[in-house]
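There are structures below to look over.
The two complexes that follow have chain A in common; it is paired with chain B in the first and with chain C in the second.
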Partner chain A sequence: MTVNDPALLTQKLSKVFRRRTVLEGLDLEVPRGCVYALLGPNGAGKTTTIKLILNLLRPTSGTIRVLGLDGVAQSQSVRRRVGYQAETQRFYKRASVGELMRFCRSLHSRWNQERADRYCGMFELPANARVGELSKGKLTLLALVLAVGHEPDLLILDEPATGLDPLRRRQVLNLMVEEMAGEGRTIFISSHQLQDVERIADRVGFLVGGRLVLSSSLDQLLAREKKVRVIFPGPPPEDLPEWPGVRRVEREESGLLLNLSGHLDEVLGRLAGSGAAAFEVLDQTLEDIFVEYAGGSVDLREEGR
Partner chain B sequence: MWFRVEPGRGVPIYVQLMEQIRRAVASGVLPPDEQLPSVRDLALQLSINPNTIVRAYQELEREGVIYTLRGRGTFVAKPASTLSDRDRLGRLDEAVEKLFLEAYHLRCTPGEVLAAVKKRVLGQDREKTDDGEEIN
Partner chain C sequence: MINMPLLRWEIYRFRWWYAGLLIFAVFVLTMLLVNLTPDAPVMFSFATQAQSHPFLSFGMFIAVFWGMGLFSRQFREGNVEFLLARPVSRLELFSTLALVWGGPLVLLMFLPFLCALILSPWFTLPLHQLAAANFIAAVWVAAVYLLGVFLGLFMGRINTYLQAFLIAFMVAVFINASQATGYGWMDLNFQIQHHPWASTAAGLVLASLSYYLGISRFRGMDV
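Take a look at the complex of A and B:
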């Protein structure tokens, strides 16, 4: 293994449960030191992806490399260097927070108790609190603390912000900031909180129906995906849907709405030269883009077939 | 200084940060040689990715808005000291080009463009004065 290996690399990864294909041909690459957010509707295969990475599920086909190690054959070594916060927690309910912490500590050769204590303080998780009496939100926070205690190189968080109020969500984000600021850890999260993702992610992937339909740097994505509202006094150019970058053309009251992926300057130039009376470029939020890509039909040209 | 980032604005956060620092420097809120927060502190203050701040600082340094002293931190640059006249005017030219494009697409007349530039540069913000007088 070298430092140049990506933190995570899957090739043609597929998972079939009975006859249902949950994940199909997933090619995922997560560079070291970045925060990668995997986004997708419920049932898209996000949790399945995470379980495959951790070898909690066996792939039907394809390969997984985690920190340069084989995700299946070397899964023991992988687990030592990966921290994992699951979507739902199954802790021993009668234990106290402190007892659970000591147990987790005993499983690892390395453990940063000072940091774990600091996070427990921030999240208001007293050592003597019974696990069974914690709220669902607090259980998620406890799982987060336990996932980072052994200073993993790769941190995998499945829906870390679910059920948390805005203050706690900011604290969770700051935990991620702290984890990556110092030692340059890699963080892989699945999330529905798109505004949080915008704050923290370097890269995003959209998983829809078991397929990765998009994987991109977040900054590039926001710079690239635009809508252009345009009004033609006469008939619009017939080949408009074929123009470079045009993903989709929607009709509006008095004009058209173009969904663009790149080629903005070129399209604006061509619009100016083809009799468009007025146009307006609209920025899109991550949520807009997500809905655009996850919302079923993506291409008008293919719809009529 | 207090910064604000708005996820959900459709503008990359590093760009939002650059806009605010540029504006604060241009308006004198951040004077020359003022120290900017460290990457880590600002990341925690705003709950954003440290890489985003590194990127904003790097781009601003390239533009000559700020400078970094290794081991000491990031500081506001003196406006004129970092760029040659040629670079300065070249960059102004780029900004004018953007203005020209925008004005072209908005179908503004040359008179409208010149009036808008004059108003901004000479600080004669008439509309504000008028509003103020109405309220008083």
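Take a look at the complex of A and C:
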């Protein structure tokens, strides 16, 4: 175990539930200190991946290393250094917030009570409130406080915005970015809120049908994935869909719309040389790119490590 | 093997339940003492004439019922996922929860001995025999309880109290039927009376095996 080990490393990780393959050959690397967002449609295997990392699920095959430790054999040591907020909060309904906090503190050798108290105050979580009487959003916030109390090196958040209003969502995200990431902790998020992810993530991975179809730095991804609107006075080149970087060609009223993945300069050069009357380069949002990949072909693209 | 913070937490959570159990124990103890005849050994005939236990069938029934319901309830309430996402090993979780619920039940089997111990200054009572009989009964209750826990792990979240109750009821009927029909080899009380060492050994083997199988099953489970 060295400080150079990635925060999270999975190799050929697979999970099969009763002959149904949920995760297939997942090779994932999350560098230390980054905010990594794992995105994917419902049933893509995001929660399964998280549960495998925490050893809540047993891998069918493959290896998991978390903070340089074996995710299965050294699972208990891993969980000492990992904070986890589950997608659905179901725990100890009859306990009070204060009781649950004291219990969690007793399970860890280190606990930042000042931070926990501050977050409880910020999220309006009174110590005497019963867990079972909290709203869905408050439960999510309580789970977040319990996940960060022991100052984890790796914070895993499964749909952290569940049940939160936009104000709270922004508060949580700022909290994560400013405090947790600012302290050099690694944050691994699974989320459907692509706008939030775009604001906070350093790296993103797209999980589709149990397979990682893309893992990249967010900046590089946004710089690489472009659309080009082009007008040809005559018929377009027949081999246009086969040009390097061209993922898809859509027909529009006045021309064509090319979905590009890299090779922008080369494509623009070819367009200029093939008699295109005009073209315009359009930026894409993370949501556009996600939709493109989630509904498109399955090719592993690992870049920007 | 036992996670002390978790043990304290579970005992704290169920403090009122424990208080109820204590009240029940005091009640049973009082009944034993109040119904005492001038010649106390009548009450302890099971200890003088035989080593059978008055609560064995009842203890078995409760042991299976609680054992089978233990983890299905924890799974349903989401506590297992909550705890296993924290630095609690599966061995610790299994052992601690089994102890929290099974421990008091096993201790309850020593009530007759406790009663005799209280009376011992005034009456001549077979304390050694009682202690031995109670110990064997406690071993068997622990064994059946752990067997129930192991079997309950196969039911997962779909286990209901009704299922556990029905199975526990069948066990109780089985034990009593074997007593009534005189099949000595099936009659635990008979075995305890006539083959105390073999009964103890068999109970310990069943308890150990159930515990081992339960741990193995729980370690391999997806949460």
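Here, the second predicted complex is superposed on the first by the 291 of 305 C-alpha atoms of A that agree within 3 Å, B and C clash if a C-alpha of one lies under 4 Å from a C-alpha of the other, contacts with A are read in each partner's own complex, and residues count from 1 in each chain.
Assume a residue touches a chain if its C-beta (ideal position, glycine included) is under 8 Å from a C-beta of that chain, and two chains touch if they have at least 3 such contacts.
Fair warning: this is a prediction, and the values are worked out from it, not measured in the lab.
With the C-alpha superposition on chain A as described, chain C and chain B fit side by side in the combined arrangement. Of the two partner chains, chain C is the only one that A:Gln76 touches; chain B does not reach it. In the superposed model, A:Leu107 lies in contact with chain C only, and not with chain B. The superposition-derived angle at chain A (between chain B and chain C) is 150°, Cα centres, a multiple of 10.
Legend: residue contacts after superposition of the two complexes on their common chain; A:His192 is shown touching neither chain B nor chain C. Of the two partner chains placed around the shared chain by superposition, chain B is the only one that A:Leu173 touches, whereas chain C remains out of contact. When the shared chain is aligned, chain B comes close enough to touch A:Leu268, but chain C does not. Contacts of A:Arg211 after superposition: neither chain B nor chain C is touched. For the overlaid pair of complexes, the smallest distance between C-alpha atoms of chain B and those of chain C rounds to 26 Å.
Chain C contributes residues 3, 5-6, 8-9, 12-13, 77-79, 81-82, 84-89, 220-223 to its touches with chain A in the complex.
Within the complex formed with chain B, the residues of chain A that make contact are 33-35, 170, 173-174, 177-178, 180-182, 194-196, 198-202, 218-219, 222-223, 268, 272, 279, 282-288.
Residues of chain B that touch chain A in their complex: 5, 7-15, 39-40, 43-44, 46-52, 55, 104-105.
Remark: chain A residues 17, 51, 54-58, 75-77, 79-80, 84, 86, 88-95, 99, 103-104, 106-108 touch chain C in the complex.
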